[in-house]
Amino acid sequence: MTLERNTLLVALVGALLLPFAVTDQYLLHLAVMALFYVVLATSLNLVVGYVGEFSLGHTAFLGTGAYTAALLSTHAGLPLWITVPVAGLVAAAFGFAIGAITLRLQGPYFVIVTLAFAEVLRLVANNWIAVTNGPMGLAGIGQSGLTDKREFYFVILALAALALYLSYRFVYSNAGRAAVAVRENRYVAQSIGVDPFGAAMQAFVLGAFMAGLAGGFYAHYISFVGPEVFQFAFMATIIIMVLMGGKGTLVGPIVGAVIVTLLEEYLREVQELRLTLFGLIVMAIVLFLPNGLMGFVARRREQHGSTILRNTPAEEKTV
Amino acid sequence: MDLFLQYLANGLVIGAFYALSALGLTLIFGLMRVVNFAHGEFYMLGGVLGWFVTAHLGLNFFLGLALVAATMATLGWLVDRFLIERVRGQGEEPGILLTIGLSIFLVNATLLVVGPAPMKVAGAFAEGPVFIGPIIVTKLRLLAVAVGAAAILAAHLLIRRTRLGRAMRATFQDPMAASLAGIRTKHVYAATFALGCTLAALSGMLLASVYSAQASIGGLVSLKSFVVVILGGMGSFAGAVAGGLLLGIAEAMWGGYVATGMVDVIGFVLVILILLFRPQGIFSARAERA
Amino acid sequence: QETVRIGLIQPLTGSVAYNGQSVVEGARLAIEEVNAAGGVLGKKIELIIEDGQCKPANSVNAVEKLVQKDKVVGLVGAFCSSATAAIMPVAQKYKIPLVTGVSSKADLTEQGNPYFFRAAETDGLMAKAFAKILAKDLKLGSVAYIGVNDDWGRGGIEEFSRDLSALGVKTVLTEYFDHGTTDFFTLLTKLRAAKPDGVFVAAETQDGSILVKQIRELGITAKVFGVGSWATADFIKLAGDAAEGIHAAVPYASTYEAPRNQAFVKKYEAKYGIKPGKYGAAGYNALNIVAAAIAGAGSTDAEAIRAALQKTRYEAPNGVYQFTGKGQAYGFDAVLVRLEKGEPKVIASAPVEATD
Amino acid sequence: MTAMLVSASAAAPAGVVPTDRAGPVLVVDGLKVAYGNATALHGVSLEVHAGETVALIGANGAGKSTTLRAISGLLKARTGTITFEGRSIANLAPDRIVAAGIAHCPEERHVWPGMTVEENISLGAYLCRSKAEVQRRVGMAFHRFPRLRERARQLAGTLSGGEQQMLAIARALMSEPRLLMLDEPSLGLSPKMAEEVFEVVRSINAHGVTVLLVEQNIHNALSVASRAYVVETGRIMAGRRSEDLRGDPDLLRAYLGG
Amino acid sequence: MNALHDAEPLLRADNLTMRFGGLTAVRDFSFEIMPGEIVGLIGPNGAGKTTCFNMLTGFYTPTEGRVRFKGVDITNRKPFAIARMGLVRSFQKTNVMKRLTVFENVLTGHYLDGRQSLLETFLPGERVRRAERAARDSAATIIEMMGLGRRMNAPAHLLSCGELRLLEVAVALAAKPTLLMLDEPAAGLNSHEAAGFGETLRTLVGRYVQSLLVVEHNMGLVMSVSDRVVVLNFGQKLAEGRPHEVQANPDVVEAYLGKAAA
C-alpha cells in the first residue's frame, strides 16, 4: 500500500518535470498520448481489476465523453475546463444506465453485453447524423486557447493524477474491498453484507467517469471526433495496456499505457512489420509474464508457481 | 407477401451463415470458455487458404476444403499446445490477451503475405440463381447452407453422443476430475481447439466462395459470432443455430422494413434484450446452486 | 540534410488498407521518376510512409512523428476524410503544406486552412460533370441510390441525387450500408421491389464488386452506375460478368486516351504488374504536385512551398491540375467509363471546373 | 526392501503384474512434493500390501491429501519413488495412472456440475470401452447408492453436499481399480450414510481391492483399516496396526492435536 | 435480556416449503431460534438442511412460508440485506476469497463496520481511519481465536481443506452477526480438532454472537454444543428436543444415526 503510493508519487514528480526536460514536440505529443492512455487504462482497471468483470465496452464512455465535449465545444463554444468535467459526468451517467443492465450479468455474458453497448453507441454515432454528423464526425473542436503542447500536457497530467488519486482511495477503502469481495466470491460477499450490484456499480461508474474525462480531453486535443472513438480497436489497445501492465494494481496500467504507447510508435521503424511484431510481442508477454509486468514484480513474493488450483474459479462459487 | 417471403428467405440463409461461422466459437468460447478473439482470423485464414489452394494449387473446391481443414486443424492443435495450454487455469484474462495478440498477428501477417486485396474463391460449381416459388436464392448459397447444416449436426452429435464429446464436457467442467477418470485432458483441449479452428476455417472458405476472401474480415466475423453464441447460450449447438437464425431474420426484417443503414444494431439490441430477460441465453440451463 | 523529405500518411492496415496501398504505389512511382530526373533542389526526394490506419489519433501520431522526427517539408495524405480533418490543424500549426489526393469531404477546403490542398475531385464536382450525360445516356426515369455509410458515400449520393433530381429523375430508394458488409440480399430485395431504371452506387472495390455481383444474382436488370474505383482490373476481376455494362464516373481511368496517360500506365504496369486505378493515380499525382512545388519554391521553406503550390500547374496523365484560392484542385479531366468485356471504355470526359 | 523392489521393477517389462499378490502393491519412498515453492511433503514413505485397507490420518494440513494427489499423478514428485505393482508410476500422467489400475476419489467431490448424475457415473468408467460392461457397472453403482438412482437425471451441481459425495465415490468405483484411494469419503455424510459407505469399502476390499484411505473420523477409519499411518507436517510419523492405535487414545491425541 | 426464555424468538420460520420442479426439498417446515440459544439442525443427506439455510438467508425465495428475523419479515429480502440485519451464514461448499490472504479475508468480513459515504471514500477523515484501525485489530483477534494465527498472511489458496473451513467461520464472525448459521463447519476436521472447535463455538455465544444455528454430521460436536436439536427428514421435521432426547429417538436413529448410535 505505501509502496504503491510512493511509487505513484515518484512517478508524479517525474511527470511534472518531464516537459522541462523534453522540448521535442513529437516526444511531448507521445507523452500526452501516453497520459491519455494512463487515464483510460486506470479507469478500465477499476472495472477489470476490481469488479473482476471484463468490460469490453469501455469505449462507450470514452466515446460519450468525447462527443459530449465535442458538441459542447462546437455548438456552445464552451472551453475545455467546462466541457471535460461535463464529459466525465455525462459518461458517468451513461455508466450508471449501462451498469444497471450489464452488472446483473457475469462472466462471458458481461463481456459481450458491454461490447454490445459500445457497438450500439458506435452505430448511433454513425447514423444519427443530425447530432453527431455521422461518419463525417465533428471537426474543428476548439482548443480553448491551449496552443502549446506543454499546456495540454499539464491538463492531461492533472486528469491522470485525479484518476489515480480516486482509484487509490477507492481501492484501499472499505468500498474497494467490497468490490474485491464481489470479484473474488459473490456468495461470500453477499453473506457478509455486501450488495454485489451496488459495490460493482460504484467501481463501474467511477471508471466511466474517468473514461469520460479522457474522452473530453481527446476531443479537444485531437480536435476531431468521429464514430471510431467507440471502436473495438481502441478497446483492444486499452485492454492490452491493462493486462500487460498487470490488472488489479494501480501502477500496472500506468506501466502498460506508457510501454504500449511507446512500443507502437517505436515499431514504426519496422514499417509493414509493425503490427505483426506487435501481436507477437503481446503474445510473448502473456506467455512469459502471465500476471503482467507489475504482477511479475508483485507475485515474486507470493510464489505460487505451478500449483493445481483446487478448482476453476467459475465453479467454485457453489454451496 | 412475396417481399416478406424473400426477406424471410434472405434472413434464413444469412442466419444459417451466421450459425455456421459461429460454430467454431461455440466450441472454443461456449464450451471451452476461452474467449477467443482470434476466431474471426481463423475464419479469414480459411477463406485465404481456400483462395490459395483453388487459385494457385488448382485443386477443386472440395479437395481444397479438405486440405484447408487439415491445415487448420494442425494449426489449431499447435496454437493450443504451445500457446493456450501455457496459460490454462490462470483465469480468463491471459487467454483474452493471448488471442487478441494472436489475432493482431494473424491479420497483419496475412496482409504482409497476400496483401489487402479481396480474393475470389472459385465455388464448387458456377454460381446461378435458383427459384423457389417467388423466392430467389443462389446455388452456392444453398450449398453453403447444406454443408453448414451438416457440419452443425455433426458437431452436435460429436459433443452429445460420442466418447470424445463427453470427455470434452467433463474436461471443461472439471479438468482435475476428468484426468482422474482417465481422460487425457491436454489432448481433449487441443482437439477441441483444433476442431473449433477447423470449423471456423471451413465456414470461412465456404462463405468466401459466396462472397470473397479478405485479410481484414476477421473483426466483423468475430463480433457477429460472439453475438450468435451469446444469444443461443454458451456451448449449445442448437442454441447457435437458433441464435444465428434469429439474428439473420431480425436483420433481414429490420433491413427490409426499416432501414439497412443500421442493421448491425439489431444484433446488439437483441443481445441486450435477451440477456435482460434470460441471463443465460436462450438455450442454457443453470447447473449452479446457491 | 542530403535529401528532401516528404511524408505520406495512408491506411496500410485495416479495412481500407487495400486502397491505401494503391496510393502508396502511385506515390513511389512518382518519387522514383522525380529522382531519376535529378530530384529537386539538387537533392533526392525521400518518401517517408507512415500508417495512419485511417484513424484520427493514429494519423495525428504519424504527422507528429513525420514533422518532428523526420523533418519532412511536405505532407501527403490521410486518405479518409476524418483522419485528414484531424491532421489538418497539426499541419497548420507546424506550417507544413498538406496535400490530399483522396479525401473528398466537401468542407475540408472550407476551413480556411492555407496549408491544405486537395488534389482530388469532390462528389459535387463529379455530379456536376456527369449527371446530365448519365440521365440522358441511360434514359433514367427513376433511380435507387445505394452508398457506403461514410462521408464519401453519403457525399456522393447527396450530390448526384440532387443533380439528377434537378434533371427530373425520380428517387425511389436511398439506402446506406456499412463498410465490409458482405451480404446485400435484403437491401437488394427492397431495390428489386422498387423497380428503378437505374441504380446509383457509391462503393469502393470490395463492397462494390460484391454488391454488383449480388445485383445480378438476384436477377435485377436495372442499369448500374455510380462512383468508386471501378475502372480497375481488380474490380472487374472480382465482379466478373456482373461488371459488364456498368457505368462509372471516375476521376481517373487507365484507358483514358491521352499520350501522357498511356505512358504513365505503361510505367505503372511495368512496375506493379497491374494497371493503375483511381488511387494509384491519386498517389502519383499528389506526390508530383508536391515535388513540383518544392522545385518551384526553390527552397524547402514552408511559406515558399505553400506559395508554389498555390501556383501549381501540373500536367498530370489526366489533365492539368490547378488550385483555387481555397486549395481545391480543378482543371483535370474526370471520365465516365462503361465496363465492356473487362475493359473500362471511356465514353465521356469533362474537365473538373473551379467553383470559387 | 524398497530399493530392491524399485530396481526389480526397472528390469521387468512394463505392465507385468508381479505374481506375489501378497507383497506390497504400492510403495512410496522418500516422496517430496511442493506447491510452487512451498514444500508440502518432506519425504513420505509408505507401503500398502495387496488386499489391505490402510488409513492415513493426521491433523489439518498435514499433507494427507497431497500424498494421494502425488500418487494419482495430479502433483509431480520433486524426489522420491512411487511404485505400483512393481512399476514406477512417479512420472506418469493421471490418465495413465488410472489406466494402471488406481482410482482416486478426491477431496471436495469434484463432480461435473453440468452433467447428470448418470453421466457422471458412467464417465467414471471412461477407459472401459465396452458399453455393456459400463452398463453393468452403472447398475452396480445405483445398487450401492439407491439415492443416486432416484436422482439419475438431476444435474450433479444441484445435488446436496452429501449426495455429491456419494456420487464422487460411486464414480471412483466405476473404473474398478485394483487400488482405490478415498480422500475423506465420509465428509458431509450423515452418520448412517457414512456407515453404509464404509460397509461398501469393506465389501470392495473383501473382493480383493486394495484401499488407501484418508479419513478424519478416526473411529470409522480405524474400524475399516488394518493399519494406519499418521502424517504430520509432511512426514510420516508412524505406521501402526489399527488395534494398537485404537487401544491408545493418548497416543492418538498426541498425533492428531486438538 | 439475552435470556433463553425471552418471549420473542430471534428467528422464526413458518411453514417453509421449497420445490424444485417436481421435487419438494423442504415441506412445511417451522422452527424458531431464541436469543442466546445454540440450535443444531441435523438430518440425512438431501433432507433439505442447506436448502433451508438458503431460504433463511435470502439465497432462495421459499415457494411457500415466511421467515421472520428480529420480528421483521425477511422472506423476500436479498441476501446482503439480511446479512446487514445481523443474520450471517457460512456455506457447505467451501467459499472463501482464494486470492486474498487470510488476514485480508477476515478484514473484508468487517465490511459492515466500515461502511462509508462516497465522500468519505475519497476524502477519508478521522472517523474512517479509526474504523479501519479497529477492523484490523478485530480481524487479527478473530484469526487468532480460530487458531489460524500462524497462517495470518498466507494467501487462502495455500490452505488445506480443514483450515479453509475455519477461515470461513472467521469471515462470517467478522461480520458481527446476531445470529450465525454454520453449514457443516467441522467437515474436514478430525475428531480431536472438532472437539476443540466445539469449545470455540460455545465461547462465541454471548460474546460474539447472540445465537447459533449449526448444521453438522459430526454427532459428537452437535450433541455437545447444542441446546436444542431439530431433525429434518425428507424436508419435514422429524423430531426436535434436547440433544439426548433426540439421540434416543428411534425414528432419528432409524433415519439418520444408524445402528452404531444405538
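Before moving on, here are some points about what is shown:
In this document, chain identifiers A, B, C, D and E correspond to the written order of the chains, with residue numbering beginning at 1 in each.
FYI, a contact is a pair of C-beta atoms (placed from the backbone, for glycine too) under 8 Å apart; a residue touches a chain by one contact, two chains touch by 3 or more.
None of the values given here were measured: they were computed from a predicted structure.
For subunit B, the chain whose average C-alpha position is most distant is E. When the C-beta contacts at D-E and at B-D are tallied, the pair with the greater total is D-E.
Distance between subunit B and subunit E, defined via averaged C-alpha coordinates, is recorded as 47 Å. Chain geometry summary: the mean Cα position of subunit B and that of subunit C are 36 Å apart. With each centre defined as the average position of its C-alpha atoms, the distance from subunit A to subunit B rounds to 30 Å. Looking at subunit C, residues 13-14, 149, 178 sit in touch with two or more other chains.
Counting partner chains per residue, subunit A shows two or more touched chains at residues 127, 187, 272, 274-275, 304, 307-311, 313, 315, 317-319.
Each of residues 50, 54, 59, 92-93, 158 in subunit E touches at least two other chains. Residue ranges on subunit B touching subunit C, taken from their complex, read 3, 6-7, 10-11, 13-14, 17, 107-108, 111, 115-118, 120, 127, 129, 136, 138, 207, 211-212, 214, 216-217, 220, 251-252, 255-256, 259-261, 263-264.
If you check the complex, the residues on subunit A that touch subunit C are 24-27, 29-30, 33, 126-127, 129, 134-137, 139-140, 147, 218, 222-226, 228, 233, 265, 268, 271-272, 274-275. Residues 35, 38, 57-62, 65, 107-108, 147, 154, 158-163, 165-166, 184, 187-196, 216-219, 252-253, 256-258 of subunit D are the ones that touch subunit E when the two sit in their complex. Across the complex, subunit B is touched by residues 48, 54, 101, 104-105, 107-109, 111-113, 115-117, 119-120, 123-124, 127, 187, 232, 236, 239-240, 243-244, 247, 272-276, 278-283, 285-287, 290, 308-309, 311-315, 317-319 of subunit A. Residue ranges on subunit C touching subunit B, taken from their complex, read 13-15, 17-18, 20-21, 149, 175-178, 180, 182-183, 185-187, 189-190, 193, 205-206, 209-210, 217-219, 234, 237-238, 240.
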